[in-house]
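Input: structures, listed below.
Both complexes shown next keep chain A, but they swap its partner, so chain B is in the first and chain C is in the second.
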Partner chain A sequence: MTLAQWMPFIVLVPMITSGLVALLPGRNLPWLMTFLAATASTGLSLWVLFGIDAEPLRYAFGNWPPPIGIEYRVDAANAWVAFIVSGIAMAALLWGRVSVHQEIPERQNIFYALFLLALAGLLGITLTGDAFNVFVFLEISSLSTYALIAFGHDRRGLLAAFRYLIMGTIGATFILIGIGFLYMMTGTLNMADLAERIPAVADTNAVRAGFAFIIVGLGLKLALLPLHLWLPNAYAFAPNVITVFLAGTATKVALYVMLRFIYTVFGGDYSFGAVPLATLLMILAIAGMVVGSWVAMFEPNLKRLLAYSSVAQVGYLVLGVSLVSLIGLTATFVHLFNHALMKAALFMALGTVMYRTGSARIEAFYGVGRQMPWTMTAFALAGLSLIGVPTTAGFISKWYLILAAMEAGLAWLVVLILITSFMAVYYIWRVIEAAWFKPAQTDAQGATKVFREAPLALLIPLWIMVALNFYFGLETSLSLGAAEQAAQALLGAFK
Partner chain B sequence: MSFIPTLSPLTVVVIPFVGALAIALAHQHPKLRDGLGWLASIAFFIAVAGHIGPTLSGQGATQTLSELLPGVSIAFAVEPLGLLFALIGASLWLVATLYAQSYMKSLNYPHLARFFACYAIALGAAAGIAFSENLLTLFIFYEILTLSTYPLVTHSGSEEARRGGRIYLFYLLASSIGLLLPAIIWVYAATGTLDFQSGGILGDHIAPHWIPVLVGLFAFGIGKAALMPMHKWLPAAMVAPAPVSALLHAVAVVKAGVFTILKVAIFVFGIDVLLATGAGVWVAWVAAFTIVSASLVALRLDDLKARLAYSTVAQLSYVIVGAMIATPLAAIGAVMQLAMHAVAKITLFFSAGAIQVASGRKKIKEFDGLGRVMPYTFTFMTIGILSIIGLPLFGGMWAKWYLLMGSLSAEQWIVAGALMLSSLLNILYLLIIPIRGFFAPAADGVPTEGLHEAPMAQRVAMGITATACVVLFFFPEPLFELAKGLVS
Partner chain C sequence: MMDVVLSYFNYWVVILLMMIGFYGVIAHGNMDKKLMALGLFQTSVFILFISAGKVIGGATPVIRDGVSVFSNPLPHVLILTAIVVGVATTAVGLALAVRINEAYGTIEDDLIGDPSHEPEEP
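After this line comes the complex of A and B, so read on.
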């Protein structure tokens, strides 16, 4: 079999395994199968990522040639995103086994089956070259995600999941309406085909409306301010392993699809020429960076704090897009990866503390630094990456973003990025201060609560993630190289 | 020095880090911990010394670890100025180890393993700064130095220490991230490189009217150089135990600051460019202002360590003055000041700590008559002070001499005036301390009966650095040749 024939298995393996896992008894077997499936997807996407050259890989399902059938079409951009998504799924699972035992004692097979469905959905969105298929996979991933969030033992998770359901469905509907407009005008759903036919009808209100619906719908899935309201609660009340997984993947995939529509389907000239999209995105990105960081500075629930930090990070991602340059897009793609690394590590550290203390409120972290030094040191180091300290992955992202801003001649943007970095220093510092400099908590009788250090099953994956944050801060050839290829692929896509 | 093997720069930098790890692991075995402290400092000194031969013969070691971004690597290159800084740090670490082990035990400080581990890391970071091949590598070690010294500043764990630590961290991080990092990014965006090259790298990539702005970003962004108004962290850091103030806040940290200023002036801007454009002159004026006003503040302070801290603020600006006026003589003076002040100021902090150990006193007004019961300590202190003032027979004179000549030859009358005024003020606020100690009768309520000299180890440490002050007066040639090689 050729690489192009192996490529669809990135999606098929988790999707098929999902059904199998639902039937497996016990706790360890479902986990193992899930982990193996995610590992297989990661391996395959890494293989695709390295094997890809100038021509995109194509696979037509059922041998129906496009534009009639559904086609997977993979270039450096989606191979990179698929690698990030499956890699984070693998890391989350590796960390999550023990945490899931605690949070979801029963029906783990259903939980893992849903996890795989969500993963397959996200990977499907990434790989497909068919606009309608994007919607289908979007629904698969979203529906399973709603259920996964509701699995959390906090009852408020149900409300959060329901809110996410409403918002997510509105978003998906917008996307569907947009795709409908495009289909109406061009008679095709294949992205490459759409790209060829849209220019002829570009100057119509229907195409403009379709464009607007798709961008807004994706903006919702992406949690771009002011469409971010679903995100903090969804992250906060989901089981920790799901938070780790979603934080590294869901918004990233939405951003990828947005880029695919902007650059491939509509073409950069149309997207940034016909509407003031760059300006709009820049305003929203900056608003997200500032508002997200600002709220995070005062948020008492640390999972929500990191969730608002994610809103700010989405701002960085979109900011790179809004600069409309190769270097800006490279910054976005490298930050996709680096942000997945840092947020996964941070949420893992948080989840590891919660494994012992059971609460994400900042008071629950008082004195924890002395009781769980390994966990909190990992949190502090991952926090450095989030801030963007040199030698961490986060620094590479910010450096490229700043270079892109300088290239565009926007020195004030550099100042703004530094200011929001300072805000990140502040909200990470709050956690550090609580963990190390506040007296430990006492129970009702006034005795000091004692928490043991977390088990190695949680610590080892956590430290691997932290180490990766530093590895990719020092050895950038893989991340930067892939990001640059991805950006080039998008800018010159399907020409 | 060919009998000492030349290790790779990374190995040299890593030695203190490994030492720190070993010290931390040995936290339950005090003897082993102290032994490892010695082992780390001795090994580090030998490793640094091993670079003297090749570097002076023009074949300084270079090493590239990884290419971070196009044109920017984590890389080391040993050149004479960096080697000088590393040598100052390594040799004084030996003396400070002798002093610190005695001091920390005399005052019963807890958590000594953490203390000596962070101490070692700080030295490793300083070596990293010294050997950096480019601005980014330097920046990384600069921040490691800030973070590793924070636990040392807050070591006592008291509310006061924590407050001091917060100011310390805030000033150093805010200045470096808010000003230094943008300056580095600016240089990279303009030139596409961050490598230190003799003659500078700016060329005509940056318009002349922007160069003074960039100079300002560097001068204030390098907060460790304590140019006003970025100096507040230094007095705040005085809550730390005396060995920290001595080795780190008189040598490693502050010298890392002025070393970075020198390095940027010589290898990023290019000393000729600075001289030709006069871009740094306004910063030299700020430094002159810092010298005078810090001296005036020091005059009013009664706490010995606080007074010494403001004296350090003033003395650091001597180096900045030299680097910014950028005439050859001034630059030579700046390089010499780097070494001379380190040796003299560590002596003063050692004696401040020794007085505290022996008598428990920190306030200068309680020192009356103390010189007669602690003759060694006060004699060594006097030698350090005379060297800082810049009188003949003491090494500090050479630095002051060249700085003054340099500012006169550049016709910077204001700066020259500030330098001379500062020497006078030094007499008033520093020399007065041993004078009162030796000659004033004991003040009411603070008798000197029953007090003894500081422990032997501390006296030996002070004696070594005080002797070095004198030796450097008679044998300044190696230092002078090195400085001359840098600026010509």
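After this line comes the complex of A and C, so read on.
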């Protein structure tokens, strides 16, 4: 079998395994199968990432040649995103086994089956070359995500899931309307075919409306301010392993689809020429960066704090897009990876503390730094990466974003990036201060609460993630190389 | 004027249903009513797709003698998938509403308020 024939298995392995996992008894067996499936996807996507050259890999399902059949079409951009998604899923699972035992004592097989469905959905969105298929996979991943968010014992997770369901469905339906308009005007759903036929009908209101519906729908999935309202509660009240997984993957995939529609389907000239999209995205990105960081500075619930920080990070990602240059897009693609690394590490550290203390409120972290030094040191180091201190992965992203802003001649944007980075210093410092400089919590009798250090099963994966944050801050050939290729693949699509 | 109204009749219905559904999702505090409105919103999009598949004078898309113009069957197939997605969404939404009712004793959004302001459970 050739690489192009192996490539669909990135999606098929988690999808088929999820049915199997639902039938497995006990607690460790479902976890093991899930982990193996995620590892297989990661391995395959890494292979695809390295094996890819100038021509995209193509696979026609059922041997129906496109545009009649559904086609998977993988270039450097999808391969990179697929690797990030499956890699983060693998890391989240490695960390999550013990955490899930505590948070979801029963029906773990269903939980892991849903996890795999969500993963298969996200990977499917990434690899497919068919616009309607994007919608179907989007709904597969969204529906399983709603259920996963509500899976924990926290009843607020139910409300967060319901509100996410309402907003997510509106977003997905908007995308469906947009795809419908495009289909009416061109009579095709294949992305490459759409790209060929759209120029002939580009100057019609139907295509413009379709474009607007798709961008707004994806903006909702991407949590681009002001469409971010579902995100903080969904992240805050989901089981910790799901927060780690979603923070690194869900919004990234939505951004990738947006880029795919902007550059491949509509073409960059149309997207940024017919509509003032660059200006619009830049305004929303800056608003997201500032508002997200501002709210995070005062948020008492630390999971919500990091969730609002994610809203700010989505701002950075979109800012790279809005600069409409190769280096800006490279910054976006490298930040996709680096943000997944740092947020996964931070949420893992929070989840590790919560494993002992059971609460994400900042008061629950008082004195924890002295009682769980390994966990909180990991949090502090991952926090440095979020801030963008040199030698961390976060620095690389910010550096490229600043280079892109300088190239566009927008010095004030550099100042703004630095200001929001200082806001990140403040909200990370709040956690450090609570953990090391506040007296430890006392119980009702006035005795100091003592928390033991977390088990190694949580600490080892956490420290691996922290180490990766530093590794990819120093050795950037893989992340930057892949990001550059991804950006070139997208930009090349309309040249 | 009448021509415009009548020849785009399906699309007027689509827009009307879409707006009723969208308004309902935003305006209603009751979660069941929100889901009903969401269903209406989605259904309007189904009609949009189906309407686009109709070819004037086209027969049902089955090859037989003496018929050369067919309606487009593809939108129907797409919408079959979208209907399944819609049913699944409603099912998950209703299941969540049942669980919310068990946990909070109500499914009125206004009575529950913002979950982030809720005190920590012990």
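One rule holds in what follows: the second predicted complex is superposed on the first by the 493 of 495 C-alpha atoms of A that agree within 3 Å, B and C clash if a C-alpha of one lies under 4 Å from a C-alpha of the other, contacts with A are read in each partner's own complex, and residues count from 1 in each chain.
Just so we're on the same page, a residue touches a chain if its C-beta (ideal position, glycine included) is under 8 Å from a C-beta of that chain, and two chains touch if they have at least 3 such contacts.
A quick note: this is a predicted structure, and the numbers were derived from the prediction, not measured.
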Between chain B and chain C, the one with more contact residues on chain A is chain C
Please indicate which partner A:Leu176 is in contact with in the superposed arrangement: first for chain B, second for chain C, both, or neither.
-> second
State whether A:Ile464 touches chain B only (first), chain C only (second), both chains, or neither.
-> neither
Now for A:Ser477: first (chain B), second (chain C), both, or neither, which partner does it touch?
-> first
Check the residue A:Ile432 against both partner chains and state whether it touches chain B (first), chain C (second), both, or neither.
-> neither
The intersection of the chain A residues contacting chain B with those contacting chain C is none
Touching residues on chain A, where the partner in the complex is chain C = 132, 135-136, 139, 143, 146-147, 150, 154-156, 158-162, 165-166, 169-170, 172-173, 176-177, 180, 183-184, 189, 232-233, 236-237, 301, 304, 359, 361
Which chain C residues qualify as touching chain A in the complex?
-> 22, 25, 31, 34, 38, 41-42, 45, 48-49, 52, 75, 78, 81-82, 85, 88-89, 92-93, 96-97, 99-100, 103-104, 112, 115-116, 118, 120-121
Note which residues of chain B are touching chain A in the complex, please.
-> 65-69, 74, 136, 139-140, 143, 162, 173-174, 177-178, 181-182, 185-186, 188-189
For the complex, which residues does chain A have touching chain B?
-> 389-391, 396, 399-400, 402-403, 406-407, 414-415, 418, 421-422, 425, 437, 473-477, 480
